[in-house]
Amino acid sequence: MIEFSSDYNEGAHPRLIAKLVETNMVQTFGYGSDAYCDEAADIIRNLCGQKDLDVHFIVGGTLTNLISISACLRPHQGVISPTNGHIHVQETGSIEATGHKILTIPSKNGKITAAQIDEYCEEYLNNEGIVHLVQPKLVYITHPTELGTLYTRAEMLAISDVCKKRNLYLYVDGARLGYGLVAEGNDTDLKLITECCDIFYIGGGKQGALFGEAVVIKDKAIASDFRPIMKQRGGLLSKGRLLGIQFSELFKDDLYFEISRHANNMASLIRECLKKMGIEFFVENTTNLLFPILPDEMHDELSKQYSLTYYKRWDKTSSVIRIATSWATLEQNVMKFIRDLEEYACA
Amino acid sequence: MIEFSSDYNEGAHPRLIAKLVETNMVQTFGYGSDAYCDEAADIIRNLCGQKDLDVHFIVGGTLTNLISISACLRPHQGVISPTNGHIHVQETGSIEATGHKILTIPSKNGKITAAQIDEYCEEYLNNEGIVHLVQPKLVYITHPTELGTLYTRAEMLAISDVCKKRNLYLYVDGARLGYGLVAEGNDTDLKLITECCDIFYIGGGKQGALFGEAVVIKDKAIASDFRPIMKQRGGLLSKGRLLGIQFSELFKDDLYFEISRHANNMASLIRECLKKMGIEFFVENTTNLLFPILPDEMHDELSKQYSLTYYKRWDKTSSVIRIATSWATLEQNVMKFIRDLEEYACA
Amino acid sequence: MIEFSSDYNEGAHPRLIAKLVETNMVQTFGYGSDAYCDEAADIIRNLCGQKDLDVHFIVGGTLTNLISISACLRPHQGVISPTNGHIHVQETGSIEATGHKILTIPSKNGKITAAQIDEYCEEYLNNEGIVHLVQPKLVYITHPTELGTLYTRAEMLAISDVCKKRNLYLYVDGARLGYGLVAEGNDTDLKLITECCDIFYIGGGKQGALFGEAVVIKDKAIASDFRPIMKQRGGLLSKGRLLGIQFSELFKDDLYFEISRHANNMASLIRECLKKMGIEFFVENTTNLLFPILPDEMHDELSKQYSLTYYKRWDKTSSVIRIATSWATLEQNVMKFIRDLEEYACA
Amino acid sequence: MIEFSSDYNEGAHPRLIAKLVETNMVQTFGYGSDAYCDEAADIIRNLCGQKDLDVHFIVGGTLTNLISISACLRPHQGVISPTNGHIHVQETGSIEATGHKILTIPSKNGKITAAQIDEYCEEYLNNEGIVHLVQPKLVYITHPTELGTLYTRAEMLAISDVCKKRNLYLYVDGARLGYGLVAEGNDTDLKLITECCDIFYIGGGKQGALFGEAVVIKDKAIASDFRPIMKQRGGLLSKGRLLGIQFSELFKDDLYFEISRHANNMASLIRECLKKMGIEFFVENTTNLLFPILPDEMHDELSKQYSLTYYKRWDKTSSVIRIATSWATLEQNVMKFIRDLEEYACA
C-alpha cells in the first residue's frame, strides 16, 4: 500500500534523524532550556525578521492550538474560526475543554475575510444584550488552509488590520506553513506573518520532523506566562532538546523550504495528470493537498494500491478525495500512481 | 414606560408573595432539604405522572442549563442544539465553560427534527476519524422555542425515539413551558415530556415566580450525583425552601397554567390587532412571544411609550421586534397598546 | 425543634419582605440594570468610602466565590487560602471546577498571617522549577472566619501590604461580615476592608436577606469584564432587582448592623452561660458562631429539642459543636436554651 | 558539567535510536493505529499477564496523568494523592485545569497507606454535609515514589483492597517503574500492579526512550472512551508509531529492566560512598534517586563540576540534595564523582 493519505506517514527527514543520532548522548538540562532550543529559536527569530520574539516548541498541533488559544483568552472570550477550521471540526472539542467557545464564520475555500471578521465584531458590539454573548478576542486561521488554499499578502494584511481595529489577537495555525510559503503564486512570507500575527506556529510534524511545532509569540502579554501554561497542559517536553535539534536542522540551508517544494512538485504532477484526464477539483490550490472529485469506481480501484483520504460525498457516483504528498513522497510512487491513473483512464 | 420587553419585568404572582410572607419566620434546614421542597417535588411528580423522578430546584435558567448539561456528559461528549438555541447564542459560553462543545443543527422556526438528529449521528458514526470528533450524547431543545413555537406530540415522540436509537439523552429547556402547554393548538403535556425526556426543567422565573426552575430527572445515572454537581456550580440555594414554597404554590389550583393562559390571551389580542393592520410576522406561534416585522418608524414611535425588544433587521426600513407578555401583563396596558397601534395605523 | 444549626434557617428580615411586597408589581429591566440595584450600589459605595467601586449582586456564596476568584486568575494561577477556608473544604471543588488550584496555608483559629503569605511567595520564587508550580496570584480570607474569629485592623493591613508587595490580589469573603463588624473587640470596618482589598463581598443571605451577596470591586482590571463572567457562570439573576431591593433596605437606618448586633448578643448570652458551666471552647470569638466542646451525653440531650451542628470529635466523650445565632434568633428561644443548659448542669 | 540532576538528560538508548533509524521511511497510518503500536501493546499485555488490557502511548508524564485522571472522574469527584505527589506539587495545576480537586493525604517517605485511604473515605461518608465535599473516586500513587521509595507487595495489595471496598479506582504513576521493579528488596512486579490497578502507566521517557509513557487500562469503563479524551487533550501523537517502535524495543530481551538495573547500580556506588563518609540521607531507598543531606560547602564545591538538584534546606549549614542516575549514566562519571567525594572528605 502506497500512502497518500496524509503528510505524516513517515518518520523524519534523514538529516534530522542524523542530528538526533549525533547528539543522542550529549547531556543537557530539560524542558526546552538547552542550547539546541536556543539555537533553533534564534534561527526562527532571524527568519521572521524580528529579534524580540518568544519561541517555544510543542509536540503536536492540537496541543499547540489549545495552549496558544487558551493563553490568549479571558474566561468569557472566544476564538473566531472558519467553519471548517481544524480546531472546530477535527480536535475533539479541545478548545471547549479549556473553557472557550469557538465562534464560527462561514468559510469559502477554507478562508475567511477581513470584512467578515469586521462584521462579526460590529454585530457583537451592537447587540443590546452584549453581556449574554461570548466576546470575540482572537482570530484563528490556517495558512495554508485545511483545503490547501492560501491567503494572499493583501488578504492577510487586511485581516491583521481589522484585528488591530477590533482589538483582536491574530493567530495563524501553520501546521503546513512550509508547503504554503513555497507554493506557486504565494506572496506571503514569514516576515509578513510575523508582522500580521500576535502569535502563530510553524509546523514541523507534517514537514520533515518526527514531531514538533514552533510557536512564535510577538505579543508581550501572551508571552509573559506561556511557559507555565504549556506545562499545565502537558506541553513542556522533558527532553525538550529533541525539538530544538530538529528545528535547528530543519531551518539550516533552506532545508524546510526545499523539502516543501518537493512535496508541492509531487502534488503538481498528480494534479496535472488528473486535470488532463478531465477530473474536476473541489477546490483549486497549489500546495500539497489535492481534492479531486473522483468517480467512486475509480476511487475503489485506486484504493487497492493507494491509501487516500475520503473527504466527502460529491454526488451519487463521485466523492471528494484528499490526496496528500509530503517531503517524503517518493517520485517513483507518484510516477506509478500517474501511470495507474492513465491506465485507468484508457480502460 | 410600559414593559413588553420580556417576561421577567415584574416580581412574583401575589399568591407566591403571600406564601413567602406567611412562611418567612418558619425555621427549616437549608439546601433544599425541607418540607416545602419535598411538597413541591411531590406535586411535580404527580403532574408528570411518574413517581420515580428526582426533582431539584435551581435559581436561574443559565445555571440550570449548565448544571444539567454538564451532568450528562463525559469530557469528549457534546450537546446537540438548534443553531438558535439559548445555550448557543445567549449564555456567554456557559456550556463551553464547563468544557463541552455545542454541536449545532440548523433550526427552522426555532425547531429541529428527529431526522436531522439521526443524520447528524449517522455522519458522526461514518466518519473515519471519529476519534477526532466530539461525540454527540445529549439533545437540547426548548419547548416552546426561543421563537415561541412548539413541538407537536408527534415531533417530540420522534425526537425521543431517535435519541433512544442513537443512545442520546434528551433534555428539554422549559423556561416558558407553561406558556407552551396551554397554547392554542398545543398537543403536548407534562406526561409526554416526562415520557420523552431523560431530564428537563419547568420554568418558574418567567412564569409567576420570583425566580426558580424545577429540574425533573428520570434517568438514574444523571440523578445519582446531581446534587453535588449542583453545589459545585453554585446552584444549591442555602435557603432552598424559597424555591419549594414558590413551586408548591405555583402548582396549586392550576395556578401555573391559569396565569400562562392569561399571558397567551394578552399576546393574542396584540397579534390579532397587528394582523388586522397587515403586519407580517417573522414566525407564527400561539404563545406569549410575538415577532412582528415592524416598519422602523412605527417601532420608533411605539418605543416612546413601550419597551420592546429589538430582534433583528428585516430589510432597509423594517425590523423584527419581539413583544413579550407574561402572567403579569395588565389588560389595560394591552388595550392601550392596541389603541395606540390602531391610531398609528390610521395616521 | 429550635434551630441553632445555622444562620440561614429563616427567610428575610420583615423590612426586606415588606419592601419586596411593596415593589412586586413595579416594572423594571432585568439583569441588575435597574434603579434598585443602582441605589443599593450607591449606598454601598458610600459606606465603603470610595466612589469608584463596581458593585454587583449575586445569589449565593459559592457562586460569588467561584465567579470572583476565577475572574482574578490566569490559567496557571491559583488562590492562597487557609486550610480551613470555605472554598477548600465546603464547596465541592467549585474553584477547581473553574480550572484553578487552591494553595493552602495552615490556619490558626481560622486565620492566616501576612508572614505566612510572604513566606509562601518567597518559596515559590526561589524554586528552581518555578514553571512547574502554580503561581499564587490571589489571597482568599474570610472575615469573620469559619470559626467566627476576626482579623484585627493591623493584621488586615499587614496582609494587604504583603499582597501589594507580592503582586497578589486580596479577596475577602464576607459571608458574615456584619456579624464581624459589630463584634466586641473588632477594630475593622468597611472602609478598611475596601482600602485593603481588590475585591470582596458583603454577605446578605446569612444576614437578613432572602439571599444575595454584594461584590465590591476596586481593581479596574477585575471590574472590566466581571459582568459577562457572572453571566457565563449563571450568576446574573434575571430579576436582578430583587437583590438591589434587599440590599438597599438592609443598609438603610443601620439595619444591617443593628440585626448583626442582635445575633452577637444572643450568642453572648449562650457563651456566658456555657462558660459559667465550665464548658471550654474550641476557639474564642465574639461573633455569632460558638464552638463549645460539649460532652456527648449533653449534646445528645440538647439535640432532642435543638438543632445544632456537629463540628468534630474532640475526645472519646466530647465533641466540638457549632451553635449559630442570627438576626432572626428569638430571645425567648435563647432563654429557654439557657434554662435547659442550667437544668442539665444541675442534674 | 556532568549531569546527575535528572534521569532525562540524554536522548534514548542506542537500540531504540537504531530502531527509529531503521523504520524511518516505512509508511504507516497515524495516531497509534499501526503495527508497531500493536506489537508494543501485545508485549506489554504479555508482561502484565492479562490479555484483556487496553494499552495507549502518550508523550510525557504530565499529559499522561491529566488524561488518565480526568478520564476516571465525574465533575464532583477528586483524586486522592500523597501530599508530595507529583500531580500536586510539580505539574502547575494540571489536574485542577481539568476541573478536579486533588485530595491530599500526608505522606511518609513519599508513601500513603491503605489505612489512611480508608479513614479518609470514612470521614467523607460520615460528614453530614457530604454534598458540600468533593467525592474521592481515584487514588493516585507513584511507584517508586518521588523519593525513590517503594510500596511492598503487601502494601499495594492492601491499598488495592481498600480501593475496591471504597469503590475507588487505583492509578499508579510509573514514571520510574523500571527502576523500582529491579530495585533491591522490591517484591512487586508488573503482574501485581496490573492486578491491583484499574489504570497505570509504565514510564519510558525517564527509562531509555526519547519520550513516551505506556498507559495500561484494565477497567472497561475507563477504557471505553480513552482515545477521544486523549485526542481532546492533545495526547494523540500523529506519528504514533514512534511510541510503539520505542516501547517494542524497550521490552525486548529484558532491555528495560537491564538498563534500570544499571541505573540502580550506579546509584548504589554513590550511596555507599556517601554512607562511608558518614553522610546521612533524607530518605532510605534502593532506586536511582538519592537524597543525601550535604553540607552546603560540599554542595557548592561539587556543583562546580556536577549538576545536582537542590531539594530543600535541612538546617543552617546543610541541605537535602537529589542525585539522579539513569540508564545512560556512565560508570566513569560515577567513579570520578566518587573520587571527588573522597578527596573532599580527606581535605
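Order as written gives the chain letters A, B, C and D; numbering starts at 1 within each chain.
Just so it is clear, contacts are C-beta pairs under 8 Å (C-beta built on N, C-alpha and C of every residue); 3 or more make two chains touch, one makes a residue touch a chain.
Note that the structure is predicted; figures quoted are calculated from it, not measured.
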Pair exhibiting more inter-chain C-beta contacts, A-B or B-C: B-C
Of all other chains, the one whose Cα centre sits farthest from chain B: D
Find the geometric centre of each of chain A and chain B from their Cα atoms only, then give the gap between the two centres in Å, rounded to an integer. 42
Length of the line joining the C-alpha centres of chain B and chain C, rounded to whole Å: 34
Junction residues of chain A, two or more chains touched: 75-76, 91-93, 97-99, 131-133, 228-229, 231-232, 236
Which stretch or stretches of chain A touch chain B in the complex? 75-76, 78, 89-93, 96-102, 128-129, 131-134, 309-310
Parts of chain A lying in touch with chain D, wherever the complex brings them together: 1-3, 5-6, 8-12, 14, 17, 20-21, 23-30, 59-67, 91-94, 97, 205-206, 210-211, 228-229, 231-239, 242, 307, 328
Please name which positions on chain D make contact with chain B in the complex. 31, 70-71, 74-76, 98-99, 130-133, 135, 225, 227-229, 231-232, 236
